[in-house]
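Below you'll find a set of structures to go through.
Common to both upcoming complexes is chain A, partnered first by chain B, then by chain C.
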Partner chain A sequence: MSAGPLATASPKGFNTADLRGAGWRWRSRGAPYLFILPYLVLNLVFFLYPLIYATVLAFYQTNGPARRAFVGWGNFSYVVKDPDFHKALWNTTIFAVFSIGLQLPLSLGLAMLLNAKNDRLKSIFRLAIFAPNLVGQVFVGIIFSVLFAPHYGLLNRGLHELIGWGLEQQWLGDPKLVMPAIIIAAMWMYVGFNMIYFLAALQNVDQSLIEAARIDGAGPASIFWNVTVPAIAPVATFVVVTSTIGSYQLFELPYNLLQNNGGGYGPSNSGLTVVGYLYQNAFANGDLGTGAAVGWLLTFIILIISVIQIRIVGSVGSES
Partner chain B sequence: MNALRLFLLIAAAIFAVLLPISRKAAIRYARFAVLFLVATVMLMPFAWLACSAFKDKEVLNEYSFLPPPSQMSTKTLNLDNFRALIAERPTLQGPVGFWRYVINSLFLASTLTFVSLFFSSLGGYALAKYRFRGRNFLMVYMLASMTIPGVVLLAPNFEVIWRLGWMDSYKALIIPASVSAFGIFLFRQAMLSVPKELMEAARIDGCGEFRIYLTLIMPLVRPMSGAFCLISFMGAWNAFLAPNIFLQSQSKLTLPVVLNQYMGTYQQQYGVFLAGTLLAMIPPAILFFSLQNEFISGLTSGAVKQ
Partner chain C sequence: MRFPYGPAPLVILILAIVTGIGLAVWVPLSRPPGYKAPDLVLATFVSEQAEVYRAAIARFDEENHCTVQVELVDQKALQSRLQSALQVGADVPDMVELMYGTIGVFTKGPLEDVGFIDLTKRIKETGLSDQLVANRLSKWSSRGHVFALPHDVHPVMLVYRRDLAEQLGIDVNKLTTWDEFSRVGREVVKKSLRPDGIPGHYMIDLPTDGNDALILLLLQHGVTLFDANGHVAFDNEATLDVVCWYVQQVEGPGRISFPCGEGQNFDKAMIDGLCLFYFCPDWRSNQIQQEVPSLAGKLALMPLPAWEPGGIPTSTWGGCGLAFTKQCRNFDLAWKLAMYLYYDPAQLGPRFADTHILPPLKAAWGRPEFDQPSPFYSNISLGKAYSALAPLVPKEHDTAYNTLANAKLSEAFSYTSIYYKQHGNSGLREYARSELKRCADRVRLAMSRNVFLNSDSEQLPEASSK
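So, the complex of A and B:
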């Protein structure tokens, strides 16, 4: 470690040892508060206050930020009965289930393939698989809106070449195929992102444990379940929980993917998500109160699911 | 039999031949083949995007990637999409060209990166290197705040911004996002390992607390700073929801919002917004390639104990 910064720091102001001592004792006491102050102020104004205020707002019907009327539980009962909200919650849940059930095992599989030692190609493959994450959801939506086009879209052409089916599939025009299209686009975007976490976890698995198991005659499947899985369980929990939270807040990807099909929500709302529903109500229709109510409902849904997931993974982790 | 099927068939045949000769070699080959296939699929949309941006609108739908060499000419491959993209358009704020949106996006993303780097590292420094009353409570509070999904704040924050008079202003996008609990924890984690004796020595030399942070601590956590800058920049560069809600003047919009508009305008001439998307991917790509290793270690540092 270089002493550069120390050498250049010249004492200013405090010349006697006593004064210097008193000075830095006071300053080092006050300093941390000063350093954390920007966070505290901004958190108060743009997090804590809005969070509390969301609770108030949820009981009002508003027309833009200026006009409002108290409606009690009206917003909640409206949302809970609204078929569009049911559709949105269903779509989002389907998306979350596929993100975790399909995308995460794929991420783990790729990470395990990449984890083998002595491989120069490893970093190239890792980069290629991670690359889609450089592109934001908006741009992924834009790119895939053309990739999914019937007849000339790359995906339809590829499918046609490979299995002789799908050239004229209306991925974004057929309500039944909209959610699969969103899931495919999201998979392309996030499979590498989650792979990075699994890869980091796999690299931290104690190699001597694996060696010991091998000497004891354990097969690859047994090593995987008894050594690897418990070792990566904390990271897997983290990935599952953050993926669920992210999945339930899906908006930008489908909104852009479906921009030219149903104005961002797909034909007959087949690609409407909960945040899309919130956006529609709060910003397109100007009812911030309903937006706040939807926000709270979604928060509770996410919190409940996260707690259940942590419990489940926790119990699995402690058994093995 | 087309080329794609033939290729897959050959790949499978090699495996079938290898398997009886050497199981180990066959597995190694299969591993490579699967990774190669996945990597190709992942990179395909990029290759397609780069090709499409340069294809003339007459041949856009004709070829999957590039036209065959015999058909290559300025009639099939040219810069028409880019010309259409950057042409100035009349708006309420006078004629506005594409470069304006590029500059807006660059300004917003770099300002936000710089400001949040400063405030987040400063907060992380306070939590990592000082014991002060309320610190533990603060950390629990911050962790709890990170579990609240951001969407619940959308509606109330809209009203906060409106009451502050920040609608249609970059203040609405920069100030609320200029420090995050996530960033503070990232820096706290990195700064914990800096030895306290180093700071004591600097204090005895008369160095102020802020100066210790700036000249002693920050240079030591440079890898984390790199990762954080990339994460912030990409987040701000790709942001769509907040700019879409808070910005109103056409001349102030950012690239994601404008490209979303162009999707409707150029529905039949999609080469134009694909050219824009290609351009929009360049700055994050440059940043990523220069900070790749820091990024991946920073990304996983919260989840994996090194």
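So, the complex of A and C:
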């Protein structure tokens, strides 16, 4: 067997290996680096440098280009003790739990429905369910702020017509209803997105295994738990982890939903998220150091949760 | 000759070269012939103002043999970009219009670090301080130094459905205090109850979470979030009065208000007469006229009811100011432009007729446009009505902690509101007092961390210059 295409003789009998000089070696070895150079440069300038700078910034208070003061762990200790940060973390965690607890089963259910039969309307439904994701959080925030409006909002009007209740319900003005409103809006937006992943995974489940299970007398529930779930476990892990990360990065949706309802993050900060808290400190209050500290704390929180999730979901998958 | 790495990289390389050359050529070509870099750049976030300035600037350019460029930038983008640019010393416009409540972020540290030119001396020397509504300068000041020129006054009145008020037998002349207003409001709500228990009319549009309405009522009652020295000042008895009164108007059995929101919902509520009275600063009077033309002749304006008989019958809501960055290339020319755009009485008359925005230059109020009756508002002269209230507009003081203070005040209000829903009036004042104290202390704590504000940081051994 030949060593590779370069070592083979040309049709005219000329051995291309003869061309291997210093120039060719440089070109063959240097070329990959040359091709990834633009990416590396961009990565260094727009990712690595800001990352290092943010780390430094987290230990400073800054004021304009000319002044900064070292505060040690002061920014971190302030954030960790701040009740607003606790509130933001609690709100974000509630959102993440409900996102995963409600959105993902719904996404999987829809994916299974669409995967069940070769329905002609399948592609239309798939597009319709996925479409909300195309418009972006800002648009969804604005749309839902109108839908949730008391007295004139579509939701309240509908509820009033159907059950005679809810005309004046203030979804975005009542601290107890702000988070459910955000979860509803997010669900509308992301269920279709996650459904696409599950649908792709379901379409790749080995049909022969399902057939074999059926022949062995397994019912639909047994097939689902013992064949389908293990088969889609890697995708499920990916969806759970990315949904959790996305949930902890939540900002635009509550920001637009609540800012368009008069500003702030809802009554009693009921819609304040960790990234909202970061934005508030860094840009509204002009304290970039505290903002950077919040950013790092958020990174560690996401990292820890993701590692735990990967371990749990991974072990469930391997046991199955 | 064959490209050694295959056709795909060759195509990528060609595309990169072509687009690179294209960009290099397109930028100079996209400029009109004879293009000259502008002598001054003015950035604003208000599209109506940008239009007005662009129309007026041609004459200024001609008279002063210069070129002024007006850039329209979204408010949030303008603020964050300006903050970032000042932070890193990058290029910034010569003049910038700032939104109310934002100057504090730029004046957070020692005065010499502020990225804007201190206008205090120039304002005194030119006598401008005597010509403008005095209280408007405080909004754009920090520690007694003025950093921007006020564009407006924005006195607040109440706009009301005159036709419905007459039908319901409301005598607006008797609504001189908020307590009386509230009493009449309760009667209106009670009378208009529908079979499903929902009122057909509410007395006033008030957001349930306080927000701008609460702030303007506090200002009317003499409360500012911060005092002139930048200290937190909202945990006092006057704030308690307003918070406890407000809570009872938006919650519980004596509720007289509905949160109409903004935009289409607000317009629909006005058309339907869902609320009878709405806060109406000068800018909103124009907005309403544009957005709900069907209400022409059905609306009228009145001063705010006072907190006590004979008290101040107005407040203020909103505003913008013009700051000059320290990188301004020609401050004298920029100042001249500011006087031309902001304080030229000949321009301010027609501008008021277009926008209803009352300028802070008192001399302009004598122009005929300010006397014109408005058929839309039942032939009231808006100029006369708003200018009569302008000298009474309360002072405001902005700091970098405005957003936090607003959020904390709103938090104290929300918890008080929840308490009122659960316990009624019993212990309400004590609870509200403790909440206000807790929230004000939280702002104080955040402010106490500002190493630049709490000492002359240039003398701080730990403060190092970059």
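Methods note: the second predicted complex is superposed on the first by the 286 of 320 C-alpha atoms of A that agree within 3 Å, B and C clash if a C-alpha of one lies under 4 Å from a C-alpha of the other, contacts with A are read in each partner's own complex, and residues count from 1 in each chain.
Note that a residue touches a chain if its C-beta (ideal position, glycine included) is under 8 Å from a C-beta of that chain, and two chains touch if they have at least 3 such contacts.
A quick note: this is a predicted structure, and the numbers were derived from the prediction, not measured.
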Clash or fit: what happens to chain B and chain C when chain A is overlaid?
clash
Touching A:152 in the superposition: chain B (first), chain C (second), both, neither?
both
Taking the superposition as given, does A:267 touch the first partner, chain B, the second, chain C, both, or neither?
second
Chain A residues touched by each partner, larger count belonging to chain B or chain C
B
Once the shared chain is lined up, is A:67 touching chain B (first), chain C (second), both, or neither of them?
second
Regarding the shared-chain residue A:302, is it in contact with chain B (first), chain C (second), both, or neither?
first
After superposition on the shared chain, which partner residues are touched by A:44: those of chain B (first), chain C (second), both, or neither?
neither
Once the shared chain is lined up, is A:31 touching chain B (first), chain C (second), both, or neither of them?
both
Quick check for you: in the superposed arrangement, does A:80 touch first (chain B), second (chain C), both or neither?
neither
After lining up the shared chain so the two structures overlap, which partner does A:97 touch, if you call chain B first and chain C second: first, second, both or neither?
neither
Figure out whether A:312 sits in contact with chain B (first) or chain C (second), or with both, or with neither.
neither
What stretch of chain B clashes with chain C when the complexes are fitted on chain A: 114-122, 150-158 or 204-212?
204-212
Chain B and chain C contact sites that coincide on chain A, given as residue numbers
27, 31, 35, 65-66, 146, 151-152, 260, 283, 288
Given the complex, residues on chain A that touch chain C span 27, 31, 35, 61-71, 74, 78, 83-84, 146, 149-153, 164, 167-168, 170, 173-175, 260-269, 280, 283-286, 288
In the complex with chain A, residue positions of chain B that touch it:
2-5, 8, 31-32, 34-36, 38-39, 41-46, 48-49, 52, 60-62, 64, 119, 122-123, 125-127, 129-130, 132, 135, 138, 145, 147-160, 162-163, 175-176, 178-179, 181, 184, 198, 201-203, 205-211, 213, 215-216, 219-220, 234, 237-241, 245, 256, 259-260, 263-264, 267, 270, 273-274, 277, 280-281, 284-285, 288, 292, 296, 299-300, 303-306
Write out the stretch or stretches of chain C touching chain A in their complex.
4-5, 9, 80, 83, 86-89, 105-106, 108-110, 113, 115, 196, 198, 207-209, 211-212, 258-259, 261-262, 264-265, 268-269, 274, 400-401, 403-404, 406-407, 410-411, 414-415, 417-418, 442, 446, 449-452, 457-458, 460, 462-466
Residue ranges of chain A in contact with chain B within the complex:
1, 5-6, 8-14, 20, 24, 27-29, 31-33, 35-36, 38-39, 42-43, 45-47, 49-51, 53-54, 57, 65-66, 110, 113-114, 116, 121, 124-125, 127-129, 131-132, 134-139, 142-147, 151-152, 154, 157-158, 161-162, 188, 191-192, 196-197, 200-201, 204, 234-235, 238-239, 245, 248-249, 251-252, 255-256, 259-260, 274-275, 278-279, 282-283, 288-289, 291-292, 295-296, 298-299, 302-303, 306
